[in-house]
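Following this line, the structures themselves.
Shared between the two complexes below is chain A, which has chain B as its partner in the first and chain C in the second.
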Partner chain A sequence: MKPESGVKPRLFAILQKEFIHIFRDPRSLVIIFLWPILMVFMYGYAITFDIREIRLGLLDEDLSTASRDFVRDLTGSGYFRITQRFSSREGIEHGMLERRFTAALILPKDFGRDLRTVREVPVQLLVDGSNVTTATVAVNYLRSFYSLRTLELNAGTFRMPFSVEPRVWYNPDLKSAHFIVPGLVAVVMMMICALLTSVTLVRERETGTLEQILVSPIRPFEMVAGKVAPYILLALLDSAMVIVFSILVFHVPFRGNAAFLLAASLSYVYCALSIGVLISSRAKTQQVAMMAAMVMTFLPSFLLSGFIFPIASLPLVLQAVTYLVPARYFLVIIRSVMLKGVGMAALIKPFLFLLGFGTVVMAASVRRFKTNLED
Partner chain B sequence: MTPSYSVEVENLTRQFGAFTAVDRISFQVRDGEIFGFLGANGAGKTTTIKMLCGLLLPTSGRGLVEGFDIFTQTDEIKNHIGYMSQKFSLYEDLTVFENLEFYGGIYGISGESFRRALAKATAFTGLKEQYRRMTHDIPLGWKQRLALTTSLLHQPKVLFLDEPTGGVDPISRREFWKLIYMLADEGTTVFVTTHYMDEAEYCNRLSIMHDGRIVAVGSPQELKKRYGKKTMEDVFVDLIREKIREQA
Partner chain C sequence: MRKIVYIIRKEFLQMRRDPPMMALLFIVPIVQLLILGYTVSTEVRNIRMAICDLDNSPVSRELADRFRHSRYFQIRDVDRQQTRIGRLLDDGRVSVALVFPKGLSENLARFMPTGIQVLMDGQDSNTSTIALGYVSGILENYVQDVLALAAGRLEGSDLHLLRVEVRVWYNEDLKASHYMVPGIAVFLLTLVTSLISAMGLVREKEIGTLEQLLVSPVKKHELLIGKMIPFSAVGFIELALAILFAKLWYRIPIVGNLGLFALFSLIYLFTTLGIGLLVSASAQTQQQAMFMTVFLMFFFIIMSGFLFPVENMPLTMRTLSYLDPMRYMITATREIFIKGATLHSLYGQGFALVAFSGVIFTFAVWRFQSRMK
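For the complex of A and B:
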């Protein structure tokens, strides 16, 4: 057995060197410090399901007081803005092809008269379906606008059987940023821990320096620990940064326990590292490692975790796959902690899953890593 | 107990699947000598060195380095050997000094003991003026010296050099061999692989490898006498030709 006294300085040498690598490489600096902030602003502002000011083309064939009132009320809601007016159906399709508006509203000739005589009023909405999100929202807004108008017109003669009073908890204004921005922590941490560690480990092999390290008495464990530790630190720093930004800029609440979130983040980082080491044990070049990390970590964390797209709306096969995506569990934890203030007791299952996932993959990758050094 | 042999190998074999890279080789390297491994690319030189350094487990045979078993005592071996690969395993984005500091660090050498080790190692290689330069900016000859210095910091008993002069200009090569002689004078055993014939002449003893086998061992003088040739190049070419004819 080797005297344990040697462990500390040897590990320290690897750590120190890794920090030099990170701070001298502009690419890693960008990924670690700039990219997360960029993501926060991009996703915080750009990805929003609260769509307003949908551009609308209008063909008012009636040109009555009733039709003008209808249009004024519709645009007054702020959801629609009229960008082009037509006097006939001609040109509507052309306008939509040129994306001058995403929906066109057609009020028929007898709009005002039909409204008075309470016959059915055929209002047509043409929607550009090439953007599904906007199309769906436009249709839904217009539907609820119709229902509201119907109720107003029938006031007094019509009894409402139900009255629904929705009250949304934890995110009362249904702000997308409250939902998206904390989720970014999951994507950013996965990226830094899995992508950067796998690339830095593979680089040692590619340049032959790994061999030089392995002829020294250093143990593979010290070597891997020393190389990944800086990324654990930086990943936690990044998540803190993202959380602070989401609180300060997007006013996302932080209702839960920070200590528990830290514990959950560490177990999530552990999963990410285990994937990173697994990739590095197989990839021969840095390029391959980078591609593998993108496919194995970034894409699933993005698409199959519920970060943006609801898991329930995925095909069944992909839904099954999401159970193996650590980000899925971490997202539940971070959203619950930040928005709902839920504590550990309610989140013990996803937390244990993260620990389990990390342990299984880490065991497999360390074994792979060791045998791989042999040949 | 100090072994009179630095390296002792018997029937050492390494297979990769069906391919036998090293085929039942046996030889001894004496304490403090410069022992050369001469052979073409793919002859099995690097595989042999890797087995002796504990980087690769042999398939069969026996081997001792500084009296330690290459199958079971690789950790002890690693404390006593220095290794310089053909690639000059240096970090290009670190300064010369940072490279030295790092390689000292992974042997647990730091602080005062590092300064002492560095003074001793650079007394041979003279790197001081280069300390603050970025490694990717220094000429290949200096990189080679730096790689050598990093493998000397822990004062190894045996130094394994795998084609240490590949791609380096003739003057730097000669300078490098002067360093090897100085090290050997200090009592370090030097085990060096090469395919340069002039370098073969510099060795105390050498073994010629072909297709995973050792085809001849002896001092350059002995070998030239045995085969009636004037230069090592003639000995080598003749031997390999003969082997190829035998195989055909």
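For the complex of A and C:
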């Protein structure tokens, strides 16, 4: 048997070599398998904009039953927690500077009496705007609390004529993990297939082993295919782990068709690989490849895909850019399959985009790769 | 001493001879400053909405108008029947649908409470929660206006209104960029300095030049210092870039003392360079070094409060976040930039950073020295 001849044995030899590279380094291997698990836990638990227990400083100048009731009901909602009480305005600014609370509520003298006699009763809220997220939420909570209070106050004369009846579809308990965790698949696959492959291809060039491979009978296509194949396997394994963990730990439903998801994943992997090969066809050093991969793959998949931050809230220019981010389309697919359970028909457009994107970029980069090798 | 200078010069020469790398060292931060400053905002806008008006009365039309004029919603579809809504949600063309029931205005006139159905695509729970808040807010506002009108008409009646005066300090317009950009500066410093120091050292190992350096008369500590100084310089250039962007592009008034910020950055650099050094002591290839560093970065970013407020996290996560040195640096930077905090209110952060830097860097140097034997 002559292993040197024929496409298959040569491809197999490269594959074997790359596998040996990966398995010789147990540390990376541990990271590759530990990473998705840790990501699932961190992202599943850590990301929530459901802000509660905002630390509140309180100055109650009235000290009446009415003011105490007001404060009790406000903190009883769970949105605010009083961390410091003041007897005068002095010290409030200092307390905020030292981050002892995010907002301070001031109930004026005669608050209780005014509630019964005066038409408009002012309540003051001072907010530390340096933490925009919490500050916005604090203001909104207080606003809706006082609208409710206003209505309660006038319950004798006036009733809230509307009741809002929310019906939430697809994610009835509004769990952020159901949204975020399946999305991790898009980031994980992009990291492994684009970041790691672009670097591994450039490595051969940087360390000089590329020339040795090129004078051997191995063709460029065989080399690229053999080198990236193990990463495809790793990426799919990692993705499967993310999906399994999201189902087991966070009870994310899986309503749709697994086979279709696999097909979509493969076309997404194809996109990621095409970008990886494109970068490696141009970069001369691994550092350059890595930096380029960061800008072209990691950042857009994380920030411009709707993974965490909604696309509709972006400025228009950035919204336009998101149409070129494969992760955007893959996220629509994986979320629809898992949470909505909608069929292939509704997802054919994003699926075709992924295939098209991958093919265009791959064609450009393989061509580029060949000319670069012949130089 | 002279030998250190030689190493430093070699490093800078190497950087200069690698124009793509130089370009990327500037392009990467600029792209991040541009994207991150705009992406991360808690204000959810342009929520796509469908309205199904079964009442078709002046009241329901007025309500629909209020939603149309709100900058939070984008009305994509108005219909008199309820048949299409399911499809619109399924296809993802809208994420919220309102149903004004028949008899809305009659009920209102007779003070009968009416249920307004809000159908929501709950996939993105954060956006949905916020959207529901907006819907309630707009309805409440409408009621308040009707109430105020009634109060005006019924002079001397028993209506009382609470009025909340909100005063925001330090960042009056609650601009997200004021909050994010100082964080991006820290993120860039962390990412770039730890990555280039990790990969830079492993590169010499991988292509075999490290051995040559080690058999040369250069001592190990000289090699280390000579390598670390250029990496620190790159870090400070990134910071300068971030500050420039903050001032000129985002027009953020930096109220604090930049000298204090530089001091904190310098202390923090020992942490990031220490991490790079630790990684390079264990990694054999640049790929490994990169992967390990990126792995650490994921932990750092999530736990630091850079993107997601630490206060909201479950207790375990909050406890873990104390192990993230970036957390202290992010807090200190925001406090200095936005609030003009002085050293006096940042002792805690300063102390934590000194401790982290001391421990990580010492350990890294020890590992590096013993690995090189």
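By our rule, the second predicted complex is superposed on the first by the 359 of 375 C-alpha atoms of A that agree within 3 Å, B and C clash if a C-alpha of one lies under 4 Å from a C-alpha of the other, contacts with A are read in each partner's own complex, and residues count from 1 in each chain.
By definition in this document, a contact is a pair of C-beta atoms (placed from the backbone, for glycine too) under 8 Å apart; a residue touches a chain by one contact, two chains touch by 3 or more.
Bear in mind that the values here come from a model prediction, so they are computed numbers and not experimental data.
Student: Superpose on chain A as described above, then tell me if chain B and chain C fit or clash.
Tutor: After superposition on chain A, which the two structures share, chain B sits beside chain C with no clash.
Student: Is A:Q16 in contact with chain B, with chain C, with both, or with neither (first, second, both, neither)?
Tutor: In the superposition, A:Q16 contacts chain B only.
Student: Check the residue A:T150 against both partner chains and state whether it touches chain B (first), chain C (second), both, or neither.
Tutor: second
Student: More residues of chain A are touched by which chain, chain B or chain C?
Tutor: Tallying touched residues of chain A, the top partner is C.
Student: Between chain B (first) and chain C (second), which, if any, makes contact with A:A135: first, second, both or neither?
Tutor: So A:A135 only meets chain C here.
Student: Once chain A of both complexes is superposed, is A:M39 in touch with chain B (first), chain C (second), both, or neither?
Tutor: In the superposition, A:M39 contacts chain C only.
Student: Looking at A:L248, would you say it contacts chain B, chain C, both, or neither? Reply first, second, both or neither.
Tutor: neither
Student: Would you sort A:D25 into first (chain B), second (chain C), both or neither based on which partner it touches?
Tutor: It touches chain B and chain C both.
Student: Just chain B (first), just chain C (second), both, or neither: which does A:L316 touch?
Tutor: After superposition on chain A, A:L316 lies in contact with neither partner.
Student: Please work out whether A:R99 is in contact with chain B alone, chain C alone, both, or neither, and reply first, second, both or neither.
Tutor: second
Student: Using the superposition on chain A described above, determine whether A:A259 touches chain B (first), chain C (second), both, or neither.
Tutor: Touch status of A:A259: no partner.
Student: After the two structures are laid over each other on chain A, how near do the C-alpha atoms of chain B and chain C get, in Å?
Tutor: 8
Student: Do chain B and chain C touch any of the same residues on chain A, and if so, which?
Tutor: 25, 207-208
Student: Residues of chain B touching chain A in their complex?
Tutor: Listed in rising order, the residues of chain B that touch chain A are 16, 53-57, 75, 78-79, 81, 83, 85, 87-94, 98, 101-110, 150-151, 154.
Student: With touch defined as at the start, can you tell me which chain C residues reach chain A in the complex?
Tutor: Chain C reaches chain A through residues 18, 20-21, 24-25, 27-28, 31-32, 35-36, 38-48, 74, 89-92, 107-108, 111-130, 132-133, 135-137, 139-141, 143-144, 146-147, 150-151, 157-176, 178-179, 195-196, 199-200, 203, 206-207, 282-288, 290-292, 294-295, 298-299, 302-303, 307-309, 311-314, 316-317, 331, 334-335, 338-339, 341, 345.
Student: If you look only at chain A, which of its residues touch chain B in the complex?
Tutor: 2, 5-6, 9-10, 12-14, 16-17, 20-21, 24-25, 207-209, 211-218, 373-375
Student: Which residues of chain A touch chain C in the complex?
Tutor: Where chain A meets chain C, its residues are 25, 27-28, 31-32, 35, 38-39, 42-43, 45-55, 93, 96-99, 115-116, 118-137, 139-140, 142-144, 146-147, 149-151, 153-154, 156-172, 174-176, 178-179, 191, 195-196, 199-200, 203, 206-208, 283-288, 290-292, 294-295, 298-299, 303-304, 308-310, 312-315, 318, 332, 335-336, 339-340, 342, 346.
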